[in-house]
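To start, I am sharing the structure in question, which I have written as structure tokens.
Which chain is which? They are A, B, C and D, in the order written, and residues in each are numbered from 1.
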């Protein structure tokens, strides 16, 4: 789609059309967390199975747009089998890539359209692998929440899995 | 004052400088009513002595601007000794003269400054005597409330005097 | 619903392409294409006449209202109060100078009723009836009151054509103290039978609060013949500015209500130990009101009146019919259009699901073609749940849209569909 | 109070006559004379830069905010949120994006605190401390809460110089839950020692709500160094548009407050049986916000920042000193000027009594000379009672006024005095 190459990279569309790790794990033993995007009403369900500090399994359910679905799918593929610590690092790195616009609202300056663009901080894009394809989303601020939805939900799930039952 | 001849007629200034029937009657037997103008905080006190359907005496106290003070003074002179029915007629006539702008807000038409001026209805200006001098106030809508303050207060006093104690 | 001035004929017409020239934003290009603005249900664009009226006020007349003796303060007050009367007449208010309350938006108008009327008339167990198609603005204030004082909410359901189910109306209204109902759904386009509902509510002893956000901009409105007690709407959806909404209320009802917010303008007297509230409508307008915005709303009303609300309505029916046909023809079973299938039974708001393509993605792709449609829950989450979706894409029309806009929409949707196939 | 950007030097200057050219209304004639606008404390005029910013937004970018994926909706959202951040920085907000709530005016901002903080923290017998010089906007909301839940109001008195009497401050604050205080009196011009008051209030366990309507437009403001918890002001007094005000609140305090009005934008979820409120600041912004107005306020802040708030303050001190001298010299005992006699201790607001001439008559006569001054109680009736008057005449300055305006005022007052002698 001309003009939208940055947003709809081929790999994103691939994950959207063929989502990985789709479904729900049985709870318990798995932990189940729901996340939702108030903007569009989309809901995502992340179930994770944490064993001995390792994210042994993860599944994704719920509905969403291409960005939220593919981000969730890529995330699941990236964290599955990783240690919880590694997963948390990845979440931080991914949110770092996205937060440039999420957190930093257009700054100071005028109202008259002259809105400063903040340059992305140095983040370890290499660590993200194919997730780096989602980088283009930052140019579409409204969609950032779509991309981060599953990640925020996973973070919450890891917290819950860590806390004594 | 150039431009304000209509507002500050000589007779108005005269009543302002030498207000008639100034003071308060003893209550009872007199009825005492207070009126106030929320715009400027001015307060007027009207005391009236009604006997056998006649407004035997009236006095005015309180503070106010030249328009409210002179209107009250002229009113007191005009109604003193009149029957209650005559006083009520005069109130109606006076308020008729004033209400053109007080009641009829600038009508319909545009917001863009093209505000219709409603022509005064036929009222019996002659019946008003020197009170007709206050006619110019209608050109200064904000001041209309100043001019009518004492009249509304008197009307309320007549109502109270009429109701069984 | 009878209208007051302007073109009266039900066959009145307007030329959208000519009117569109009055709206500066519509000359803008998006991604190199002319803009196709189809989101007027969220907020409309403003004609130059409205922008000029506000600018003229700001440049020649501005002063705070209601307090000044000097020339521009008096002029400002007159223009502000003239706007009030003008707006009141536009909706057929019997006493426009007293019954029109300026608020910051329709949401504040609805909250005003919940706070003032609600707090004086509703106690534990009292029933407020809403419809399943209400906007959050006519739901959340009642939820807040329910949490505070234990009132009960009842819901009039909708059928699969997006119409209110009125079979059990008397039972639903039984014992109700208030009916809150939207004149026109901002999602389904459904035009509700307000006159009938108001009569039934009154028979049950309930007062009627109508949310007219979507109807006042698009249909002739006459509060007297609607028979409602309160009516709320927003200027920014009717060619006017942001920052101002309207609550109309029947004089007898307004006159007995306590104040809402406290401050200047709404008082007659303030002492250390209490205060005396002002007369209506100022009792409900604490602080400096949206003055420039009232001037703008007045100008918007003038513009709409000059075009003629019958002509607006006729135009939007025909455009909606055209759009329904075009979408159904092009996408067949591939599109689900929510709300009444008959264009006459609805306003120019088309929410739809296009196969599996997510509304966000639809809107994003359409934007590449300069087409602005909204994607989301449209502040009607209970309705979304009823429809079984999280969100919809929504195209909505105003008097400046024409059939070419619909054609552009259809082509762009086709591209979106292909892209995500 | 340290300021952020712009001219910092305390000896910074501005050229009022040059700045005045930026304000279209100031070219107007009244009764054949150039206007002398001395009512900025009621509402200021707006420079072309502000009007242009709003017009530019309306003509190129308008769409409803926070809900749209398409280009202009996103641009509108960015410009709107950029204005929020901009305003927050202007007052030194530590977290401008989260701590600045847009309201319809300062009055709504003050009511918002009474409704949300007040209703969750105040019960029967709890004490709210106000000052005798508060504007009705910071009195009536507390009266309303007193009537609703039996709180007690205590008053910090003023002395004959128009200063707060702070001798018994600790006793007055003892047991208080909230101190509501104006940064600068809109009648007396008195600048209150906010930092000191806030420290004392905090020591007593009270939170501090500052009414900054008259200070933010005229002095550098830094919420951190003031030490207050909430701060309210209005755009229309600071070269911005009507229809928008600001509540700034400390992040921790705002974050724990319940919502105010209910509707779109302030929710995360709405169900038939309840709702989940949104994060701050949007939790407090129900419905479509004043978007164009926020853009205008942002531009006003840019304008003030470019001139430099230190320069504004320095200019207004010198103009006030000049006016005090000129009035005292001309009228001697014939004039009673309320408030502090030292120009450094006050803002550019001069309320006075001119012999026996009633303020209405003063204002009316002055208008013939093109001079706009306000006459009335200035929404401060408890203060009027303390001063022993029903009303005052009030001249107030902004950055576009200069000594010639004062000269014109003095001459016109002389005429008024003669006329009513």
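In this section, contacts are C-beta pairs under 8 Å (C-beta built on N, C-alpha and C of every residue); 3 or more make two chains touch, one makes a residue touch a chain.
As the structure is a computational prediction, the values presented were derived from the model and not from experiment.
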item	value
Required steps from subunit A to subunit C (each step between touching chains, minimum)	1
Chain pair with more C-beta contacts, A-D versus B-D	A-D
Computed distance of Cα centres, subunit D from subunit B, in Å	37
Separation of mean Cα positions, subunit B and subunit A [Å, integer]	74
Mean-CA-position distance for subunit D and subunit A (Å)	44
Intercentroid distance (Cα basis), subunit D paired with subunit C, Å	32
Where subunit D touches two or more other chains at once, by residue number	31, 61, 67-69, 73, 267, 269, 360, 364, 375-376, 381
Multi-partner residues of subunit A (each touching 2 or more other chains)	39, 140, 143
Overall pattern in which the protein chains touch one another (line/ring/star/complete/other)	other
All touching chain pairs, where touch follows the definition stated at the start	A-C, A-D, B-C, B-D, C-D
Touching residues on subunit A, where the partner in the complex is subunit D	36, 38-39, 105-113, 115, 140-143
Footprint of subunit A on subunit C - complex, ascending	31, 358-361, 364-365, 368, 375-377, 381, 384, 390-391, 415, 419-420
Subunit B to subunit D touching residues, read off their complex	1-4, 7-8, 13, 16, 39-43, 63-67, 140, 143, 146
For the subunit C and subunit D complex, residues of the former touching the latter	24-25, 28, 30-31, 35, 39, 42-43, 45-46, 51, 55, 58-64, 67-73, 103-108, 110-111, 114, 135-137, 139-144, 147, 153, 155, 234, 236, 241-245, 259, 261-267, 269-272, 274-275, 286-293, 360, 363-364, 366-367, 371-376, 379, 381-382, 385
Residues of subunit D touching subunit A in the complex	52-53, 56-57, 61, 66-69, 73-75, 77-79, 81-86, 89, 97, 267-269, 278, 294-296, 298-299, 302
